[in-house]
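In what comes next, subunit A is part of two complexes: it sits with subunit B in the first one and with subunit C in the second one.
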Partner chain A sequence: MTSQLPILAVAPLLFGAFAVTAGRFLFRRANYAVAVLALAASFAASVLLAVRVFSQGTQTYFVGGWPPPIGISYVADPLSALMLAFVAGAALCVFLASKAEIETSYPLKNSAFFALYLLAVAGHMGIVITGDAFNLYVLIEVAALSGYAILAQGRDRAMLASLNYLFIGSLGASLYLLGVGYLYIMTGSLNMADLAGIVSGMAPQGLAGSTALAASFAIILAGLFIKMGLFPFHSWLPAAYAFSAAPAAALIAPMTTKVMAYVLVRISLAVYTPHLAWSLPAVNALVVTLATAAILYGGLCALAQQSFRRMLCFIVLSEVGYMAGGVFLGNRTALTGVIYHIFADLLMTLCLFLCAANVERATGGRLSGLGGLFTRMPVTAAALAMGGLSMIGVPPFCGFFSKWYLLSGAIQSGHFLFAAALVVSSLINAVLFFRIFEIALFGGPETRDTPDAPNARNGHAPGSPDAAFCAEMPAQRLVPLAVAAVSLVVMGLLTGDFVTRVADAVLPPGL
Partner chain B sequence: MHALLADFGGTFHYYAYFAVMMIGVYAMVAKTNLLKKCIGLGIFQTAIMLFYVSIGAKDGATIPIVDPALGTADPALYANPLPQVLMLTAIVVSVATLGVALALVQNIHRDHGAIEEDEILKRLRGQ
Partner chain C sequence: MDTATLAPATTSIVPLLAVLAPLCAVPGMVMAGKGSPNRREAWTFLAAVTSFLLVLVMLPTVLSGVRVAYVAAEVLPGAPLAFCVDGPGMLFALVASLLWIVTSIYSIGYMRGLTEHSQTRYFAFFAVSVSAALGVALSANLFTLYLFYELLSLATYPLVTHHQDPESRASGRRYLTYILGGSIALVLPAMIFVGTLSGTLAFTPGGVLPPGLSALAVGLLLFAFVFGFAKAAVMPMHAWLPAAMVAPTPVSALLHAVAVVKVGVFSVYRVVTGILGDGCLSALHLGDILVWVSVFTMLAASLVALTQDGLKRRLAYSTVGQLAYVVLGVALLTPRGDTGALLHIAMHACGKITLFFCAGAIFVATGEKYVSRLGGLGRRMPLTFTAFTVGALSIIGVPPTAGFVSKWQILLGAAETSRYGVVAALCASSLLSAAYFLPVVIRAFFGRPPDDAAWAATGRGRGKKAAPVGEAPRWCVVPPLVTALLVLALFWWPDILFRLAGQAGVGP
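Moving on to the complex of A and B:
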């Protein structure tokens, strides 16, 4: 039983998706419970798996009993097992917290939403655990297709934004596939562990020695950057996340960009090995420059936003810059920072998007409408403060430690521009969140439903204000939010353990 | 010149897939009609399938199904089955992608009464 844990982490979601689709006709009322059960089972399996991996070392599961390189293997090492647990936990939190939204935002389509939600989570978890380069492509598409469908339902131009995301996202995934094709021509294998051996044997001096391998690396990178929303390829992200209904954004925003950053780390670490991944100076310089631009662009655009969720979307853009740039700074400290930041950013984004969902429900989500938040919605406001402080990088929140590692890495490698961008981004975040704190502490409630309020003009808006502005939210919404907020501190306090047990375990020695 | 041509004979499928792929990208970038963008996406993905199948091809080899007359001793008699199998999966994925895209286009047409991107944006602004 326990040796099957890697597949058990993903399987309940797939079966759950079938069950809720069938349940549409059989047990409609119980559908929500079935979906919660599937998510909880998958979360439990991933936690057990993580415990097992930390006590006994890496677990490998051969799907269908076929050993690699013929079959597909699922590999749970400390990094992927912990990532799996985080993704499953985040999905469960969002699902529990957004029950009311799901019922109002997706009227008559609850079962379809549940099925798509479970599939999206299954896709993301599969991406994290798979050890096969082609299977990764399929799972990217499973995660993305269900994501497009749930992001499409929302305010006026959600559908158009989601279609644009589909075009750009498919382009990115197809580029990844193309890169894997070149890799396959050169190596004849698709299993990541197998690939690593062949690739490093083929180009011992660096990727510049083999044009085809260098091309495969560059094409895969281009594909992943498009899927991550790195600076010049970012245009789909804010639109797709800002116009959709709140639960979809709260699910997809913490997951997709972070899981793609994880894939970037995995491909650089386990397929090409850092030594080869960093062997093309032009690529390193280009990526770090793009990342610097992404950090600054995201921050500056966030300053211009009037809506809370849209502001968060641009902060996500600059966080993507942290992770993409960090991978190519070329030293162990920065890579540790990136691995840490993937987890930290997942928690911060989760916490803030859950806050955004609550705030939107109560006030409509414009920044100017946040007046009096601390007295009216103390728990949400406290979580927002914690998420904000973590984004700014105040110790002991986890955002501080990832910035610390990235900054040290940038200075070690002499990328002072990137280091400066990190500092500027912290300052911008400070401006953004202290502006919110000021409104929330000292501002009075705004007269609502002004004609230009984005939610005033359509029926099934995610943020149609509740009648009672806020008799705070029900516990079902607050508990997941509180869990997310507290985990920011816990993650920060456990930084030392994290670095020794996760980052050091997956980073090759002597890097 | 002859050497160049001989080289081209061995690699022309790369040029071919690349040309088809760029046609797809052009359609996705330059067209404002959402359906034409969908077609562009289809062309783009098909180009990659073409690429994969072409790398599994061998001169004078037959389809990768064991033929009793040929036996299994010499793999050079059969095309490489793996890229073809991978592309079966990719075809399914691209059909699903196209399905989602068309469903979205249909809904956009229902909501906004147009499938020209600039027209939809104009209507959204004029709302």
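Moving on to the complex of A and C:
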């Protein structure tokens, strides 16, 4: 049974997706419970898998019993097992917190949303655990297509933004596929572990020795950067995340960019090996420059935003720069920082997007509407403060430690511009979040006469007296949020363990 | 670098408990809340006394020359979340936790006397701030120190902006810009740079930097730390301090005369002696530059203080000047300089907290904030102004007050290193402090009250119209008297502090 854990982590979601689709006609009322069950089962399996991997070492699972190179293998090493648990946990948190939100945001389409949600989670988890480069592409598409669909439902330009995301995202996935095609032609294999051996044998001196391999690497990178939303391929991201319904954004924002960063690390580590991935100085310099630009651009745009969620979207862009740049700084410390930051940023984004959902429901989500937040919604405000401080990089929140490793890596490798961008980004985040704290502390509740204030739908007439005190959200929305917020500190305090047991375990020793 | 010369250490969880004690009281305070203020304040006292006792428990061990160490979490390689209590840390922790008890008494009188709003928030963040200050005092390495330094910056923000009006909003912005800006933009990169170069951030006598660094590199590091720790208020990073005077007076008293600013100079002390190293700095002649930066701050701040009419603002500039003494003592890079600097942390704390308590008592009793309007008040509030006089004499450095002891050590330290210009500057600075404090005292005791119309007008509100002004409520008068006595006592019995500060010189 326990040896089946890798597939058990993903399978409940797929079956759950079928079940809720069928259940639409049969047991509609139980659909939410079915979906929760599927997510919980998958989370439990991932946690058990992680425990097993940490005690017994890497687990390899052959899907359908077919050994590679014919079949698809699932590889659960410390990194992927933990990532799996984080993704499943985040998905469960968002789903539990958003029950009421889903019912109002997707009227009459609950079942469809549940199915798409489960598929999106399954896709992302599959990406994390698969050991096959082509299967990875398939799962990227599974994750992305269901993602487009749930992001498309929302206000204003959500549909258009999602269509835009679909075009650009498909381009990214296609480029990845093209790159894998090159690799397949060169090596005849699609299994990552297999590929690693063949590739380093073909170009022992570095990618410059083999144009085709270099091309495959560059094309795969381009595809991943588009999917990650690295500047200047970012234009789809803010609109897609900002206009969609809150639960969709809270699910996709923490997952997609982070999982794609994970793929970037995985491809650089396991397929090309760091030695080859860093062998093209021009690529390194270009990526670090783009990442520097992304960090600054994201931060500056975030400063200009009036809506809380849109501001978060631009912070996500900035964080993508951290991860993409960190991979190409070319040393172990930076790569440790990237691996740590994937997890830390997942938690921070989760925490903040859940806050955004609560805040939007209560106040409409404009920054100017956050007045008095600390007294009106103390738990949400406290979580927002914790998420914000983590983004700024205050110890002992986890955001500090990723910054620590990335900055150390940048200084060690002499990329002082990138280091400066990281520091500036911290300062910008400080301005962004203290601006919110200031409004929350000094401002009174705004009189709400904006026509599009979504609070009209939660029963409060705009400007009604109880709207000013509409106080805190129900516990169902607060408990997942509190879990996310507290995990920021826990992750921070466990940094030492994380680095020795996860990062050091997957980074090649001689790096 | 040479661990053999380090004092022996014993492992104990007490330092962690001392830091956590104030934090543990916060839920109690919040739950007691507005409904039962007495229960809430009982939590404050419980926490204050507990953490003071926990610090006191470690005193005999530390006095016997043994450090108390505890590793709470292995977070970063070479920089765990760890505590280590040595003489200087013990000295600072004693001062901070003892004065917290006194300030708690005073806070109750002040906040209730003025019926301030959001008192629960006030007391809760006060406790967090003290916890952070203790954390800085007891930290074993630069990372732990930075963690608590940042916690302190954040926890004091709601205190500084307590009044939630446009003025405090502007001050809060300035406060964060300097404090958070300095620590993120300067200290964090410098700290990571040191970590990258030396692989450890533990405070080590003689410093941790590898040999062979250029003067430019070490100089950049030194000034990134000195200016980055903006709480030390070395000019030009001082402008937040006068602005932060919008806070309620007990906040100014504990945080801006004791905890926050002293955390700043203590951090500078730790970095200079434990990270960069006296030897390294004096070999590169960087101490001299820091000496002159602090001498400039000392004199310039005193000159500005002369021009300030707001009593608290005058005290604030005086603080900037006095903090520069500490930095100066550290910058001398000699054991006597360090001893003087550490003593001055304690001595100035007692003197300045007395002055702030008095300023607050005057405000509670009369609503007056300006020096020019204090005429004749000394005759109506004799106890308050006696305490004020003692505090002022201590800041000037007149025996038999505590301020003399530490200033004398710094003066000797400067003379020993043949820096006679510095000696002259120290004397000039004392004269300047006399020039900005004595007129206040003289005016209060011997001056004429301001004209009657304005006098009556300021008695507005608070049900004290035109009634003759007397002393502030007892809760506000006793604390300054206690600290004033402490100032006098420390002149005669500075022995324990000397022994603690003397451990600064331990090591190569």
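Note that the second predicted complex is superposed on the first by the 492 of 511 C-alpha atoms of A that agree within 3 Å, B and C clash if a C-alpha of one lies under 4 Å from a C-alpha of the other, contacts with A are read in each partner's own complex, and residues count from 1 in each chain.
We adopt the following convention: contacts are C-beta pairs under 8 Å (C-beta built on N, C-alpha and C of every residue); 3 or more make two chains touch, one makes a residue touch a chain.
Quick caveat: nothing in here was measured; it's all calculated off a predicted structure.
When both complexes are overlaid on chain A, the residue A:A152 reaches subunit B alone and has no touch with subunit C.
Within the superposed three-chain model, A:G393 lies in touch with subunit C and out of touch with subunit B [touch as defined at top].
Applying the stated contact rule after C-alpha superposition, one finds that A:A245 touches neither subunit B nor subunit C.
Legend: residue contacts after superposition of the two complexes on their common chain; A:L335 is shown touching neither subunit B nor subunit C.
When the shared chain is aligned, subunit C comes close enough to touch A:E438, but subunit B does not.
Of the two partner chains, subunit B is the only one that A:L177 touches; subunit C does not reach it. In the superposition on chain A, A:A430 makes contact with subunit C only, not with subunit B. No residue of subunit A touches both subunit B in one complex and subunit C in the other. Residues 134, 137-138, 141, 145, 148-149, 152, 156-157, 159-160, 162-163, 166-167, 170-171, 174, 177-178, 181, 184-185, 457 of subunit A touch subunit B in their complex. The part of subunit C that touches subunit A in the complex is made up of residues 73-77, 80-81, 143, 146-147, 150-151, 154, 157-158, 161, 164, 169, 172-173, 176, 180-181, 184-185, 188-189, 192-193, 195-196.
Residue ranges on subunit A touching subunit C, taken from their complex, read 389, 392-396, 401, 403-404, 407-408, 411-412, 419, 423, 426-427, 430, 434, 437-438, 441-442, 492-497, 499.
Remark: subunit B residues 25, 28, 34, 37, 41, 44-45, 48, 51-52, 55, 82-83, 86, 89-90, 93, 96-97, 100-101, 104-105, 107-108, 111-112, 117, 120-121, 124, 127 touch subunit A in the complex.
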